[in-house]
Amino acid sequence: MLEIAGLSVSFGQYVGGFRRRDIPVLNDVDLDVDAGELLAVVGSSGSGKSLLAHAVMGLLPENAVVRGRISYGGRTLDESLLRKLRGRELALVPQGVSYLDPLLRAGKQALGRQRGLAAKKRVRSVFRRFGLAEQAEEMYPHQLSGGMARKVLVSTAALGGARFVIADEPTPGMEPESAAEALQALRELADGGCGVLLITHDIEAALKVADRVAVLYAGEVVETAAAGEFEGTGKVLRHPYSRALWQALPANGFRALPGVQPSPAETASCCSFAARCPIAAQECAAGKPPLRKLRGGAVRCWVAE
Amino acid sequence: MKAETVAVGGLGIGMAAGRYSQGRRRMVVGAIMLAAALGALGLASLAIGDEALRTNLPARHLPPSWQHPFGTDWLGRDMLARTLEGLWLSLRIGLAASLAGTAIAAAAGLSAALYGRTADRIIGWLADLFLSLPHLVTLILIAFVCGGGLQGIMIGVALTHWPSLARLIRAEALQLRSADFVHASRRLGRSRWWILSRHLLPHLLPQLMTGFLLMFPHAILHEAAITFIGLGLPPDQPAIGIILSESMRYLNAGMWWLALFPGLALLLLVRSFDRLGEAARAVWSPRRSHH
Amino acid sequence: MALMEAAGLGFCYGGQDWLFRELSLSVEEGEVVGLSGPSGSGKSTLAKVLAGYDKPIVGEVKLDGLPIPERGAHPVQLVLQHPERAVNPRWRIRRILMEGGTPDAALIEALGITEDWLGRWPSELSGGELQRICIARALSPAAVKVLIADEMTAMLDAITQSGLWRTVLRYAEHRRMGLLVISHDEQLLRRICTRRLKWDELVRCARAQ
């Protein structure tokens, strides 16, 4: 449904005077999401995951240079197609609850431009589907809890006829129960036939609802795996970074990994993880591994088998 | 795979960024032009000397010509020279007055925000008082009390123009005071003064600059208005208001150039400062200043 | 005697309902105390009161049995969830880092802060990198005895989280500091704390829901 192939994004910056420098932030990203599928993109801050959402929605700032191909339903997702789909078929569930109109009751909010009794009935049924009580329709945004507000945003997307939804960090600052509820709403959306791209740093929460997980590191997809493969000690995972991420969770050993994530510019011609990798071999510093298919998923690693 | 450039941007964030850089360019261009005009004005008023301003009765009442582009007045003085001289004087008064006004606004706004409820109430009351009276009325009163002259006008303009800027500064300072990074600084052991000068003032500087730029044209206009009604400067100081008021008497004698050119010049100066202030406000507005 | 002790603490914002009342809490030397509870219950406000950001309406916070002086570096330092709000966006990293004095070189190294970060602006660091700066800054005054971490790593990925906590725990133990960790993440608290508290146990008279 959504296919991203070889997507690279860099920002043009002026360094002193008029010398222009391109700072890469995403490098050769390949991803695809089917209808009815929920793909979680997990990564640390600075891995470029939010920019991925912005690139798909056409919301990158002016100085961004974009290469590669994003297609939706088989057609190149260019500016004219975006203008037609954005806010209708293609919806973004934003980070902030501040996107809700503070002066509009939740039910009205979700209605959008639609009017009439039939539309109101639809709101009621969608709210029920996402676990929002009838009273919620009459509440103003400031009366909603974080989880409820997020569910209203998801309902709004669903009522607007969204067939593909991108959720960018929909849960920060929420307590675990509300976060789980908000993510469950996204799962519902996918079960109803929608394609969902969930972008988050919280791998634990994402795993509860995702079908597949793409792990982003230093602007690159290092692995895509089925959600079920994140289990136990993570030995079925393909990439050493995914394994480290899994093992760093408080429940899974709380293992630390020395070093910090490099910027994509620093690792243009080698594996971006080589410097921190426990299984790095000689070739890892010599060239950038391609994203290759492995055991039903994909991995960007020379060594993994 | 052949990489193909996908056209994105130009929407949402992209558009805001575009407007931003456009506003910034306009502001820089405006500032340069204004600075050039002011420089020329200053140089011209220095270069003119007394010669052109001396009474020259045979050459009086001359309409605009190549020799006297703005014409001459009833004493044969060159109107171009007088206009430049008058604008230069008005400009200096305006500068001093709006600088003083900005300083008062900064002090009042910060004190209201930082020195407790009583200070806030007193300053708020004063600001309301000055805002509730028409500027010109207060100005006339103050200028009258101060005994006219340059000093009276400057004090008058400074005292009448601070309240709205002070309110803006107060609101910003209140917000900053409760910012996490200000709290953190205080608990790392920094003193109030240290925080005021290192954290608060630098953040408020754009607002103060904008306020100053927007106050400037007001100051000049009010200075012109008060000298026009004869309350300000003695007639031998050719402030723009005095030139205009004297010219009024000759208007019905058909000597249109006496009022037209000085009036236009004043308008131009005021408008360009106004534009610059608006551009500065657009570029430096609080929402932008954090990025 | 407890290192930090709060007794009968009460707080509310100007004329509104009590956020908490008769709250008692103590942290011993070398202890890592975990605190969890529903959001909006007043945990973050408590953190701010303990760290001197806000004054309690009733009650007092004592350190080694003595009231905390108004001037000088506060012995209870706070690290918040959003590091980008805790630093002046117009300062360079070097200046931010040095605001409370010069941090321990060993700590700087353990946190992985490198020289080339120092010349940058806050917006040029990632959330995890900026949080390291905030931690180093909070621990730099010699007077610091207690560190409060309010959802300190909630916005960070698991690897950054475990790395930061390992460094902070080691440093706190080395200096015999007390730690109060506020988090929603039960797994995290179970992993790092020596003692765990629930908000409801702390307050006899929490705000009526």
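When the chains are written out, they are named A, B and C in that same order, and each has its own residue count from 1.
One rule holds for everything that comes next: contacts are C-beta pairs under 8 Å (C-beta built on N, C-alpha and C of every residue); 3 or more make two chains touch, one makes a residue touch a chain.
Treat the numbers as computed from the prediction; the structure is a model and nothing was measured.
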What chain pair has the highest count of contacting C-beta pairs?
A-C
Of all the other chains, whose mean CA position lies farthest from chain C?
B
Between chain B and chain A, distance of the C-alpha-averaged centres to the nearest whole Å
50
Hey, how far is the Cα centre of chain B from the one of chain C, in Å?
47
How many Å are there between the centre of chain A and the centre of chain C, using C-alpha atoms for each centre?
30
If we count contacts the way the header does, which residues on chain B are in touch with chain C in the complex?
179-181, 183-191, 199, 202-203, 290-291
What residues of chain C sit close enough to touch chain A in their complex?
38-39, 81, 112, 126-129, 151, 154-163, 165-166, 184-188, 190-192
Chain C partner, complex, touching residues on chain A are 42-46, 146, 172-176, 178, 201, 203-204, 244-246, 248-251, 254-261
Once bound in the complex, which stretches of chain C touch chain B?
48, 51-53, 71-74, 77-78, 80, 82, 85-90, 99-101, 123, 137-138, 140-141, 143
